[in-house]
Each structure stands twice: as structure tokens, then as C-alpha cells.
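Each chain gets a letter, A, B and C, in the order it is written, and its residues are counted from 1.
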Amino acid sequence: MRSLRKLGCEPGHDEMKMRQAQHQLSIATSGKGLVEITSQVKRWVAGQGIATGFLTLYCRHTSASLLIQENADPAVQTDLANFFEEIAPEDSKRYVHKTEGLDDMPAHIRAALSQTQLAIPVASGRMVLGTWQGIYLFEHRRAPRRREVVLHLLGE
Amino acid sequence: MRSLRKLGCEPGHDEMKMRQAQHQLSIATSGKGLVEITSQVKRWVAGQGIATGFLTLYCRHTSASLLIQENADPAVQTDLANFFEEIAPEDSKRYVHKTEGLDDMPAHIRAALSQTQLAIPVASGRMVLGTWQGIYLFEHRRAPRRREVVLHLLGE
Amino acid sequence: MRSLRKLGCEPGHDEMKMRQAQHQLSIATSGKGLVEITSQVKRWVAGQGIATGFLTLYCRHTSASLLIQENADPAVQTDLANFFEEIAPEDSKRYVHKTEGLDDMPAHIRAALSQTQLAIPVASGRMVLGTWQGIYLFEHRRAPRRREVVLHLLGE
């Protein structure tokens, strides 16, 4: 055993080896707006027994996206939603792509301006989010939908 | 052998250990617009023999960027390109930085508004792209160019 | 030893195993604008003895963000700052969220339009930055602040 320990092959070493976990969140949205998913993500990360590593969140859609934003004053979300509404308005004269509804092309633009994916380091078993940071799914379509976000955690 | 197996050092364990692969794509653009690179990326990922992990794509330029977007209706790309054209127009009065051509500063802004890098989880040997998601290189300059995108895959 | 070597458990193998390093940068800003952090990040990466891997940078704030941009002509930074100033102006009529100052809501919007996190592959012990690429912290508030950026490096 002694010589193996030196070679880094004793059980203790093996327990600390790098590993991965994946999970898919299914998030119900109620039309345009931000849905906070911080607590669901925190809970899943906490359950994986990984102390040091990092988490990737991936949104499997092109008319919804991900955003890290302030989670204190709800007015921030109102203002953000208004901003994205104004910058890419629903307007039949602006877009060629209209077959999926007038809200579809603005949704693709808003997704392009925000994030499809986020990577967050994990230390002491927790994401290193700042005090005021929350993780949001940003729904860009009018109608309620189910959105899939893949979580991938890697660490030891 | 028996004791080594318990210690996680038998050949089977070794075959499953975490590993990395890197590759650089060289992409020819034909001036402003989106170039789909999904199939090239898929092919490279499939050839690495990594079942679970994640892929990072990194664009080595400041006047081209990366985007996940709808790959069904080509009109989406037209509308996206038009949007980025309007939001940061070529206009000599707007910008101080003009030495590299009137299309250069708008290109930097459009790159800042989209992504230099993307991370996509891999499960069962494939990127977890949604049904309608494609990976695009977004060229922001007028003239055709060669663009370098680094792929980094990590997994087991 | 011979048999262990075949099993991938000899010292040489152990030295090459995947590992992680984390660090937190504390960056002083002097109000709105871009602060280049490329050299600090390079120095830290170089000191970790990791040849192949990738680096994640994570900004722990919602009124500052991260950006890869041209580091040659300083006028690019002026034009970028002006663009973000115009696209989300300080204007008391536009926003509901005003309690933290008129510059706060525009700061959140500018952060949403740029990046909270960046991932950069590392090859031969260096980030694969393009020739003209620099890493910037983008301060969106008027007053000088201290900003925390977490660095997470994983590789072998």
C-alpha cells in the first residue's frame, strides 16, 4: 500500500478524482419575461458532492435565453424586459421571417443579444455568484412554454 | 490485479479517465453575414470518442463572433444581419476609430453584442443542441476573410 | 513498476493528471469605462503549470461585465463606451428602477448586453487569444469601485 500511496493510487486519491454530472431542468414560462431559476440550480449543484469545479448552463432554444441579473428589486426585471421589447419591437415591416408569428423574429434577436450559455465556477460546493446575482431564464415568446436548460457540472 | 481494481487503477478505469482534445477550425467568410459551422463541429466532436463532457468554441477575432441561432428558415439570418447593421451602422460621424475602414468599428460593436465564446455540454457523444439550434460564425467585416475558431473538448 | 506503468499508475502519469486552480482578482475601476486585465490574467495562468486546459473568468457583479475586445487602438474603447452609453442612456423617464441612482439601471442593461462570464481555451500554457484580443472589465457605474473577477483554470 505504501508504494501505491506515493503513486497516487490509494483509495483517498481515487475518491477525489475529477468527475461530471449532467441534468436537464424543465422550466415553465408564462410568456415574455424573466423566470428566476437560481434556487433550483443551487439545489442541484449542492446535491452533486462536488466541492471545486464549475457549472455550465445551456439553453436549448433560440427564442429564450439565459441571463445573470440583479435579484433584489423586481423593477430591474421590468426595465430589462422593456428595454429588450423596444430594441427589437414586434413590427411586421421590419422582418422577413414572420411565418411563426410576429413575436418570433424579435425573440431570436433578443436571444442573440443575451446568452445561450453561462459558465459559473463552483467553490466550497457553491456557485461563486455575487451577492445580488440571480440566474434567469429569459422567455422571449408571448405564449407560455416549457423550456429545457441543461446543467453540466465538472469538478472534484 | 484484484486489489488494484478496487483502487481504481485497472485498465478499464484508465480508459474512462477524463481527457481533452483541441482543434482549430479555419473558416472562409464571404463578407458580412452568418456562416453555419454546425456540421464541421459535430464531425470533430464525434471523432474524439468522448461520451460525456463539454465543448468550448472560441473565436480569435474582434470583428467576427459566434452565435447559436435558428437553422430552419434562412430569413432569420437575413433579419439578424439587418438588425446588427442598423444597431451599429457604418457612419463616419459616429466613431473615432476609422483608420481600419468604416466597417471596422461597427464590427467591434457587433462582436461585443454577440459572443466571442460558447460552451455546449456533450451527452452520448453529441452536443446537446436543441432541435432548431445551429452554430454560426458571424462575420462583421465587408471583405472575405479566414477566421480561426478554437475547439476545446473535455470529458470522458 | 513495469506493470504499474502499463496500468497508467506510474509517477509520470500522476503528474499529468487533470487538476484545477481558482483565484479571485480584485480590480479597481475609476468609473465608467473599460479596464484591461489581460496581463494580470496571463500572469496567473502562466503560474499554474497547466499546459492544456481552459480558463473561465466570472464577474461577480450586475453593473460591470467582461468583454474581449481590440487592444491596439484606444479609440475603439472610446467608441464602445459611447455606443453603450447611447443604447441605454441615463434617463429618469425610461426606467422604474431608480433608487440606486440614475446610472444603475443603464448599468444592468449594459451588463446584460455584454458578458458576465468568458471561457478561453489554454494551449502550451497560454490562453489562445487572437493577436488583437485583450480581456476587459467593463465598469458601468459612474463612481470608482472594486470589482471581483473569479478565475477558474482546469487542465493538465
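As a convention for this text, contacts are C-beta pairs under 8 Å (C-beta built on N, C-alpha and C of every residue); 3 or more make two chains touch, one makes a residue touch a chain.
Predicted, not measured: the structure shown is a model, and the values here were computed from it.
Visitor: Compare the two sides of the chain A and chain B interface and say whether they are made mostly of the same residue numbers, over half shared, or of different ones.
Guide: Chain A and chain B contact each other through largely non-matching residue numbers.
Visitor: To bring chain A onto chain C by a C-alpha fit, how many degrees must it turn, rounded to the nearest 5?
Guide: Value: 120 degrees, nearest 5.
Visitor: Averaging over Cα atoms per chain, report the distance between chain A and chain B in Å.
Guide: The separation of the two C-alpha centroids amounts to 18 Å.
Visitor: Among the residues of chain B, which ones contact at least 2 other chains?
Guide: In chain B, residues 4, 9, 18, 87, 113, 115, 119, 154 touch at least two other chains, as defined above.
Visitor: For the complex, give me every residue of chain A touching chain B.
Guide: Going through chain A, the ones touching chain B are 4, 9-11, 14, 17-20, 22, 56, 58-62, 87-88, 94-97, 99-100, 105, 108-109, 111-113, 115-117, 119, 148, 150, 152, 154.
Visitor: Give every residue of chain A touching chain C within the complex, in rising order.
Guide: By the definition above, chain A touches chain C via 4, 6-9, 18, 52-54, 67-70, 73, 75-76, 78-80, 82-83, 87, 113-115, 118-121, 123, 128-133, 154-156.
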